[in-house]
Amino acid sequence: MRSDPAHTDAPESAHEVIVLGVTASDAHAVANQLIAHGLRAHGFTVINLGVCTPIEEFALAVRENPGVLAVVVGSLNGHAYDDLCDLPAARAAGELACPVILGGNLSVGSRKDPDALDRLRRLGVDHILSELTDLAPLLGELARKAARSRRLQTI
Amino acid sequence: MNRDPHRRTDPHAAPEPEYPSMAETVRFARTRGTPTVRDVLARSAKDAVVAIQPRCGVGGHPEMRQLLRALESGARPDVLTLTIDSHTRLNRFAHAARLAATDPGALNGYPLVAHGWQRGRELVEAVSAPVEIRHGSPDARRLFRVAVAAGATSFEGGGISYNLPYCKDVPLAHSLACWREVDALTGDLRRAGLTLDRELFGTLTGVLTPPSISLAIGVIEAALAAAEGVGCLSISYPQGGNLAQDVAALRAIPLLARRYLPADVEVYPVLHEFMGVFPGRRAHAEQLIFYGALTARLGGAAKLVTKTYQEALGVPDARANIDGMRLAAVANSPLLDFVTVDAEQVEEELHWLLAEVDDLVAPVLGAADPARAVTAAFADGTLDIPFSASRYARGDVLPCRDASGAIRYAVAGALSLSPAAVARHRRALGLADGPHSMRTLVDRVTRDINHFLHLFKEIEP
Amino acid sequence: MNRDPHRRTDPHAAPEPEYPSMAETVRFARTRGTPTVRDVLARSAKDAVVAIQPRCGVGGHPEMRQLLRALESGARPDVLTLTIDSHTRLNRFAHAARLAATDPGALNGYPLVAHGWQRGRELVEAVSAPVEIRHGSPDARRLFRVAVAAGATSFEGGGISYNLPYCKDVPLAHSLACWREVDALTGDLRRAGLTLDRELFGTLTGVLTPPSISLAIGVIEAALAAAEGVGCLSISYPQGGNLAQDVAALRAIPLLARRYLPADVEVYPVLHEFMGVFPGRRAHAEQLIFYGALTARLGGAAKLVTKTYQEALGVPDARANIDGMRLAAVANSPLLDFVTVDAEQVEEELHWLLAEVDDLVAPVLGAADPARAVTAAFADGTLDIPFSASRYARGDVLPCRDASGAIRYAVAGALSLSPAAVARHRRALGLADGPHSMRTLVDRVTRDINHFLHLFKEIEP
Amino acid sequence: MRSDPAHTDAPESAHEVIVLGVTASDAHAVANQLIAHGLRAHGFTVINLGVCTPIEEFALAVRENPGVLAVVVGSLNGHAYDDLCDLPAARAAGELACPVILGGNLSVGSRKDPDALDRLRRLGVDHILSELTDLAPLLGELARKAARSRRLQTI
């Protein structure tokens, strides 16, 4: 049930497109693959970049697939902050303009410092979810917002 | 933009340092007056007492030293570990070095390459238990040199098991070639007088790993290592949670070794305590930890690699790690001699397991160039793993649990298993009667991944 | 000089305080919204999950409160304990009060009478688990009133089991009369709407306690208590160390209850983790603690009273106590459903044990005045305990361990056992062939007292 | 194997006489009974007062049995200090003139404060033994000393 590499997984419908992946130093694949399945079941088109995905690779996928609704990033191994530290530079260069959603196990250690989440927000992460079940509703809301703004543009 | 798909070395990494000579390395390990990992394994096998080893790695050097000493004085493990951080695993040495210097606590393991072999030796000398390096590097050549120079006497990994679960786009041919170098150096060391233990990572992606895949890959990596002159191999298997199945898998290891490996190679069965989704509540985690340790004992494992009650939360602290080891050690008690496992069930599992491993292994090990055969087998799916992180395995296999909790193939993909074996699996799952929707299967897999959360009622069905 | 041999009250003790009315006491226990000990036992029996209870008592009131809260938050025991200091046990209330005021840390338990029932209530209210009073008072009348007023819902002891191991010169007739008062008050409370649990101290002197003596005294005390209207009884038995024997003893309890006690009395089997000489090394103590917990589970105990790895050293600290309970709780795991005990061995032990208890109990319970018969039986040795602290039992019995570690009678004294039973014991010990020198026997007993020290090689053979 | 009450256990030979017992609040009987057996096997005459023996009872036994070599006291339950706090007064009153030997588990708690032993010595305890195996040799030495001083007295 592994996801195919990104290039063979291009959006094939008018559905909302999600770019999904796990951070650069992180090899945890299971949640990633289940999330890809789950989002597809919810009707999203998922470009799953899989594990060990640096910011540049997320940026490339967004660039190559116009209209991406959101970038959904998982990080389990505790390196979220370090792995995302290229995000501000990429954003400054005009990349990754869509919302970035992050979830997983976001810092090292078994006692979590809430400051860790603030640091991630300061890097430019737009949404940090603590529950996977919140992901589809959030994407739905983003999709409604996007549709509304598209409608506004066509008026 | 760096699109090198192998990304195996870091352009900014520091030049390699001078290493001690092989003779010096051998002298260091042999004259310390403490056992090597292989000595510990041999003693465990002889006494039929499972050796105990924690996972442990933190970023800072003084912190790592302190951690090892705390674990040693708190639980007297038989083997100690340097668990390596994931930057170093992926040869992102400059990242690891930067964090080691600026924010070592942010690393999820010990960046041995960044700290260097001299510091590694300080760690080895700080404790009396021998040290293994546990990591997950598809290309571990540099890490291996540092590890050996530091005085570690066991090194985990293999060209398959440290590739497919640990990276996305390193070709198997490349990782196999890198590990061949590691194994050849291990052979050189052996001839120079130091027998390192090489542990193969049968855990793979840890989640619902089918026993026959775990063992097949272990046997293949073992055969490749033995061919390079490695003399001491630990074949590890991850606790799946069904006792008879797990005991059968552990007991299969010496049988498979006899069948596929040269007689002069020592082979030790190792159990990794449950490697999937761990219960979050301490009392539940402790039950699973103990169950794992009892599984190791009943299966005849020479060594057990432990978990902690903080597993579901994050990298554990020293206290939790000590408690996990102490708890596991209780399962070694002579007072539990009376505890046995259903012999018939084990026999039945063992019978099928050996046949399946044969089916998976024979084509590869029978080939003229087994390493090349491995690459081809993963390309066409005759070998495969579930939840592969890498594009170099198809990941078509889908495991589920049967009513007894045993792990079975719901989808066996193109695996070279006999139709009878596949039918048995699907029958056990109640899937004998033809195809099922992927949606249903994924729901079922998800449930089975969370098996212990359900068993302990930590989540709703 | 005070030569009163009973020494049962302290001339300098303070006058008895006002107690709350019985109605108030019942109201307090019933409206707290937390279970009574009896509720916990009933649930444990229903769910077949062993309830867990620590021993715990320190001299200072704030310290005791803190200890209870630490134990509750650290291990969520099902029942909590106030272990009473030994001055209070012997009604040396003034001594206890002086130390409570000047040096509470020097007390080996909580001086409940000195602190008074209001403070006792503070303790009961500080935790959500119900509280039992564990002590060792031949005359517990005052302590009982304070305990009940404080809101404790279980009270340990009996006229035999809290006399013979706990004092030198209190006549059995006196202690039996005192406990009859306690039991009668328990009956009154029951009629008023509060069913206290009364636990009988089958552990006796703890060291090599022969199962049939433990159970016989438990059954006799239970019958005496039931006759006074007690409705909930815990018959406790001390782990001896041989699994089949201990399991048989626990399983015998409901059978004996059916035979000797009124049908409307609830009877719960309780295991006290090993009550003899504990191993000193932590790892060994932990093995024995776990083994005890597993014994409780396999024997179907409703409750387990735990020990700690500091048992050999002294009154344990909170940390050790928590760790002991957590470890014991692991034995309750559903993951250990597969662990079983040799059914044939248990059957054989059970068969003999029931017959022996019948032999010991029948003459006493068949008498017109069982309490008087008890006193006479201990005087003539047809009832007896080994290592009696009291002059009111002969202490002629000498127990040893057979090759399997089971406790057998080397010398059965005048116990009213059948010759076949005695012969079986002596045969098991290899003593069938006539008398042996007392010297040899004492050496053997000493060795067997230190059984677990030998088993774990903590001392030379 | 319980020892008989003191009054029936009077010295029946010319052997050295030992008074043995456990402190006032302490009911631990097993070591006491084994020690009595052991000392008898070593040839001593043992007046075993058993458990729960206050100072006054030890004093009475010494008074009633002239020539007692030593009083051997066990304490297991942690109350040694409190149970022996009448010892200075008894000694001041001329009682218990012979050496007092103490052993067992001498304070409450699983971490022992060495000061506890000093406090006991200050009460007048002459010998505190941490090993039971040291008891017979110590009594042997005391017996030799006593014999020597008896000889000196007769010279």
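The letters A, B, C and D name the chains in turn, as written, and every chain counts its residues from 1.
FYI, contacts are C-beta pairs under 8 Å (C-beta built on N, C-alpha and C of every residue); 3 or more make two chains touch, one makes a residue touch a chain.
Since the model is a prediction, treat every value here as computed from it, not as a measurement.
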(message) Counting only Cα atoms for the centres, state how far chain A is from chain C in Å.
(response) 62
(request) Would you kindly tell me how far, in whole Å, the mean C-alpha position of chain B lies from that of chain A? (result) 30
(message) From the mean C-alpha coordinate of chain B to that of chain C, what's the distance rounded to whole Å?
(response) 48
(message) Report the inter-centroid distance (CA atoms only) between chain A and chain D in whole Å.
(response) 80
(request) At least two other chains touched by the same residue of chain B: list those residues. (result) none
(request) Would you please write down the residue numbers of chain A that are in contact with two or more other chains? (result) none
(request) Treating touching as the only link between chains, describe the layout with one word: line, ring, star, complete or other. (result) line
(message) Going by the touch definition at the top, which pairs of chains touch each other?
(response) A-B, B-C, C-D
(request) Show which residues of chain C lie in contact with chain B when the two form their complex. (result) 76, 243, 282-283, 286-288, 290-291, 294, 323, 326-327, 329-330, 333-336, 338-339, 341-342, 455
(message) Which residues of chain B touch chain A once you look at their complex with the stated criterion?
(response) 1-2, 59, 86-87, 89-90, 92, 95, 99, 105-108, 136, 165-169, 205, 207, 310, 313-317, 320, 386-389, 391, 393-396, 398, 438-439, 442, 445-446, 449
(message) So in the complex, the part of chain D that touches chain C is made up of which residues?
(response) 1-2, 5, 24-30, 33-34, 37-38, 41, 50-53, 56, 60, 77-79, 81-82, 105, 107-112
